[in-house]
Amino acid sequence: EAPAKAEPSGDQPLSPAVRKIVEEANVDPSRIEGSGKDGRILKGDVLAFLEKDEGGKAEAPAQAK
Amino acid sequence: MQPEIRRFLHPDGTATGPLPEPLADPDRLVGLYRGMVLARAFDEKAISLQRTGRLGTYASSLGQEAVSVGTAAAMDDADVFAPSFREHGAQLWRGVTPEELFLYWGGDERGSAFEGPKRDFPVCVPVATHFPHAVGAALALKLDGGASVAVAIGGDGSTSKGDFYEALNLAGAWRLPAIFVISNNQWAISVPRQAQTASRTLAQKALAAGIPGWQVDGNDAVAVASCVGDAIARAREGAGPTLIEALTYRLGDHTTADDARRYRSDEEVSGHWKEEPLTRLRTYLANEGHWDKDREEALIREVRQRIDEAAEHYLATPPQLPEAMFAHLFATLPAPLEDQVRSLGGDAGNGEGSP
Amino acid sequence: MQPEIRRFLHPDGTATGPLPEPLADPDRLVGLYRGMVLARAFDEKAISLQRTGRLGTYASSLGQEAVSVGTAAAMDDADVFAPSFREHGAQLWRGVTPEELFLYWGGDERGSAFEGPKRDFPVCVPVATHFPHAVGAALALKLDGGASVAVAIGGDGSTSKGDFYEALNLAGAWRLPAIFVISNNQWAISVPRQAQTASRTLAQKALAAGIPGWQVDGNDAVAVASCVGDAIARAREGAGPTLIEALTYRLGDHTTADDARRYRSDEEVSGHWKEEPLTRLRTYLANEGHWDKDREEALIREVRQRIDEAAEHYLATPPQLPEAMFAHLFATLPAPLEDQVRSLGGDAGNGEGSP
Amino acid sequence: MSGVTMVEALNLALARALREDERVVLLGEDIAADGGVFRVTDGLLATFGADRVRDTPLSETVIAGASVGLAAMGYRPVAEIQFMGFIYPTIDQMANHASRLRTRTRGRLSCPMVLRAPYGGGVHAPEHHSESMEAMFAHIPGLRVVIPSSPRAAYGLMLAAIRDPAPVVFLEPKRLYRAVRETVEDTGEALPLDRCAVEREGRDLTLVSWGAMMLETRKAAETLAGEGIEAEIVDVRTLAPLDARTIVDSVLKTGRCVIVHEAPLTGGFGAEIAARLAGEGLMSLVAPVARVAGYDTVMPLLRLEAAYMPSTDRICEAARQAMEFS
Amino acid sequence: MSGVTMVEALNLALARALREDERVVLLGEDIAADGGVFRVTDGLLATFGADRVRDTPLSETVIAGASVGLAAMGYRPVAEIQFMGFIYPTIDQMANHASRLRTRTRGRLSCPMVLRAPYGGGVHAPEHHSESMEAMFAHIPGLRVVIPSSPRAAYGLMLAAIRDPAPVVFLEPKRLYRAVRETVEDTGEALPLDRCAVEREGRDLTLVSWGAMMLETRKAAETLAGEGIEAEIVDVRTLAPLDARTIVDSVLKTGRCVIVHEAPLTGGFGAEIAARLAGEGLMSLVAPVARVAGYDTVMPLLRLEAAYMPSTDRICEAARQAMEFS
């Protein structure tokens, strides 16, 4: 069975860079508050979320690669 | 195999002998003269508009009016003309309006939507690429079953392009009603005729295609009209294409962007002024009693007025709206392009994109 | 202006008169004959390899060997040759090996890395596009200051391309040491010579460029060598280019992918077998006492052996590794292409990508 | 063996066009007596006569240019260039004239011509006989570029191309000329231009291709299905003007895209498709857009041809890599 | 007014190349007595003589083809095509010969030629004088395509192109011919080929362009800076082979990219750059890759030219839209 496509959980789809951080940190994007246009989750939102979120991975990537 | 150069009028306006029928008719001759005066007046106006920033780069036909007008005069309305960029005389003769020509040279594509000669090709800038069009048009005319012909004019430089040769060769192989007129003005921008080819004449290039090649004095409108007329008559009879080399001289710069003094002497140019086509025909007409100062002045007045009127109309024509760029790209706008038209603020439905 | 067709040997092998010096030398004649036999043997082997799936599509020169070999025989090693795709005879004469030719036609680019004529152009498939190369090479040779010349061969069909004409015209305008040989085999695939152009001869196309155009019996190797030799001599003296139309016939199919019976009759072909070049020269040599059955058999044996050897070498040559596709794209592999070479499993450092 | 080959389908379409519209004229090298080197025009000379099925001299420039002239006069020339490697001399006419005659004359003249050429590799043809330069024409505004990938598509798209008032560059993937047979009803029905066709539906990734590479693409989809990867296949069919919508919509669903073409990678038409995805389609992408293409090198002679041509393996591999991004 | 124009810089480079290497030969229409219609070759006939600075007949096909022949014999022809709209007849020679002579002969022959042409719009030139068809050449493997965007780049890149053993298509943005002046030291120092230049650093988004559009791009970067948006600018310089690394690395930092070119959008070279970002660069993208380009239509005559050309406004607008994604 092929891995299912990751569905963006907000109203707005995630950009590839944001999706990558979210996936690598293994967080549920619906927990993140989007500050972008129409509530879009931005890279900064994820990084801020990871910083203060205890459940986030200890070595959350600081930068998309 | 030196073909003789057809000429009826010497540079001094005297005739080499009786003029050929039906051109000998004074009305016809005056018509030819008027056509050349109109072309020259158009050129003058165009250059002055360009100099004052109101027209794009412009290629004057100064000195070559007889080739252009003589050729057009030999054609019927139903024939098809494929000009280069220096044949305003022929275009005006065939019914392209000076308004349209100003629009074209002013950078407005509506200038090629000729109301007059509906099937004539627009001005062709890429040198010699219109000769193949004339060949295709000639095939169409032949398949149509009528006796119409296609006529293309190019410069001496155009004879160096493969397109010229391939077109002649195909027209010859298929015996098509196509006439190729070379307005040999001795220069292709800065490259003199002698450097363009080692061929002794341009007319003899016809031999490569197995078709007749003739030379004519291109400053003698009567000779040009007669020569092209004979070629057209041959073509109408099914005898196929002809190449005509009309010997003339470019008295002006190549275009308004050129400075011919960089590569040719003033003496050379002034020498050629003695052979120019308007004086020649006017002198003949005057000698024969068909022309005088009053008629000349009246003509000049009439022609200038027509041209000024056209220029004003041109200058008063508002530019198209941006979406006009798409108006005629396809017969109907393909769906994938709708976004682009919309991004121009335009309405895909607005055909011509006129304001 | 009907140029005469140069010929020294009639189809039946009798001479039209004394053969020209230095070609009259029996050793030279035997050399020409050998060159043609070699070309034919190469053709036969190539066709049989193609039929058995061991060579790509192949264009045989059957019947045209005299043009190819006669031309090459008139050239010096230091001259430059630009062949079309049917000039194996000339290429072999000039030192391209049959191994190389098999490799090329077998689809291996190493076949054009000639060890012999280092400056000769590879086979040219896009018709007529090599004429401009010969012109450029001729300019180079002229600038070099020596007396070398460039020689290009193309077919009757190639004379319809703009490239042919532009090349001739430039060579004429610049008076370059370039010789253009047309191997007029009467067919361009299925299009007969008469449909190719209305020009009575192909030689007269030279007039369009203002250069001499000659006709020669292309099935008479002596006449070809003599004619091309004269043109080369003119060029070496600085007299400029010459166009030579060699009249011959394509006895085989256009290529192994063609079936000529679709468009021409067996009778036409068999008629031309009576004029083919090998028999003609062999008969002459035999009549003059320079040839006999033993010498013929020995030659055939020697030539076949050489060709078989070459074929075996070719068949035994392992194909290049995939990264060879990049080995000579640039002199040194540009950094942006390194990934692609690596993805082929290759090593950018492996120049030729040989296994 | 039932059905017809692409060569036969094209022949049917040309015959029908000649029959239904007397303005249709065929021209090219060896298309008359010889019926075309691939036999696409076989028999048409006999049926329609030498006025309408015309062998030209060996002159690609004037084949294109005379077609422009014919089309301007209301005829519908269908010109054959024998192989795409010899099409370059036509670009001047196609770019400077055919594509813009209507624009320049504000619709007074138009250029309803078709420029046909077999294209592509994989048939062990001689040098210069295997190129794929469709991207050059697709970059010329005012032209349509149409490429069929089956006999049926060839029939329907050729009729559409001939009837279309715009100049159409119609590229025939010669590896498909006789590779497959298909029932083609000679109904005269054209297929729509300017539309990509979703040839197979799938939820996991989108394979986009055209021409002969559709063969490998279809095979890849089957192989992938065996691995549980359901690929959607988009056959581009009309490269220009490009129906990007259909591709973007497919990727909106699948999130992944592999584009397949045999022309060299850099500047190939796959770049345009990837660019549309990087633009309008970006937010739906869960994996990098892959292009499986020819290498940025000269089309090799036949011994290395197979190494050059994109393979089913390379497509599958790219697809699997895309699937690794969840 | 200090410094030299791009025309003068090119003239300096050509003069130096003629001086330093006697194999360098210039050819083209009106380049000798007239010094080129833009004066790029002004004075070179007088200095270097008629053997080395040669007016050709009006024959683009043989200008390219004879250059191939000259180059194969070891000369270094620098051929001028008067305007890019007349360059199409050279494509056959460039694609079928120049680009592959070295490959075909395994390095036995090579083709160190330069094909120069002024290109691009915005100078109110006549019909067919304003085209930008760089993408066609960039799709031909084996060619280099080089485009300078300043007098200094023109000087250094022209020297590099002439010295390079590969065939180079060198496109001169004629709108820049006299638009700016810059100090150019005639040191004979070439600039590297196959490298994009990061002309300005910035953290927020990457603007990628080449040729005359660098003017608008630079202006846009300034305007954006005024709005607090720091744009990095990449001048592509060598389109083929493309140094995608530099562009991808820049976008890795900025996450956003706007590509600017004046050629028509579809199939323009911007597509290739966007495709690289959709591939290798995808995971660094925070916003759709935007292309600000010419429209997919015929380059209009001068009255509508301004509406066609990408403007600073359009670039800024695309940049602002990209910024909305962060």
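Letters A, B, C, D and E name the chains as they come in the text, with residue numbers starting at 1 for each one.
Just so we're on the same page, contacts are C-beta pairs under 8 Å (C-beta built on N, C-alpha and C of every residue); 3 or more make two chains touch, one makes a residue touch a chain.
This is a predicted model, so every value here is computed, not measured.
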Both-way neighbours, i.e. chains that touch chain E and touch chain A: D
Contacts common to chain A and chain C (chain labels): D, E
B-D against C-D, pair bridged by the larger set of C-beta contacts: B-D
Greatest separation from chain C - chain, by CA centre: A
Chain C and chain E: spacing of chain centres that average the CA atoms, whole Å: 40
CA centroid of chain A to CA centroid of chain B, Å: 69
Rounded Å distance, chain B centre to chain E centre (Cα mean): 36
Junction residues of chain B, two or more chains touched: 109, 126, 160-163, 166, 169, 173, 195-197, 329, 337
Residue list for chain A, restricted to those that touch at least two other chains: 15-16
Residues of chain D engaged with two or more neighbouring chains: 57, 59, 61, 85, 89, 92, 96, 103-104, 127-128, 141-142, 241-242, 282-283, 285, 295-298
Interchain pairs in contact, sorted by label: A-D, A-E, B-C, B-D, B-E, C-D, C-E, D-E
Residues of chain D touching chain E in the complex: 61, 85, 88-89, 91-92, 95-96, 99-100, 103-104, 127-128, 131, 133, 135-136, 138-139, 141-142, 240-242, 263-264, 266-272, 274-275, 277-280, 282-283, 285, 287-291, 295-298
Complex interface listing, chain A residues touching chain E: 15-18, 20, 36-37, 40, 42-44, 64-65
Residue numbers on chain D that touch chain C, as the complex places them: 29-30, 32-35, 37, 55, 57-61, 85-86, 89, 124-129, 265, 295-298, 300-305, 307-308
Touching residues on chain D, where the partner in the complex is chain B: 25, 51, 54, 56-57, 59, 61-62, 64-75, 77, 89, 92-93, 96-97, 102-110, 141-142, 165-166, 193-194, 241-245
Chain C to chain E touching residues, read off their complex: 80, 82, 109-110, 112-114, 118-119, 121-122, 126, 129, 131-141, 143-144, 150, 162-163, 166-167, 169-170, 173-174, 327-331, 334-337, 352
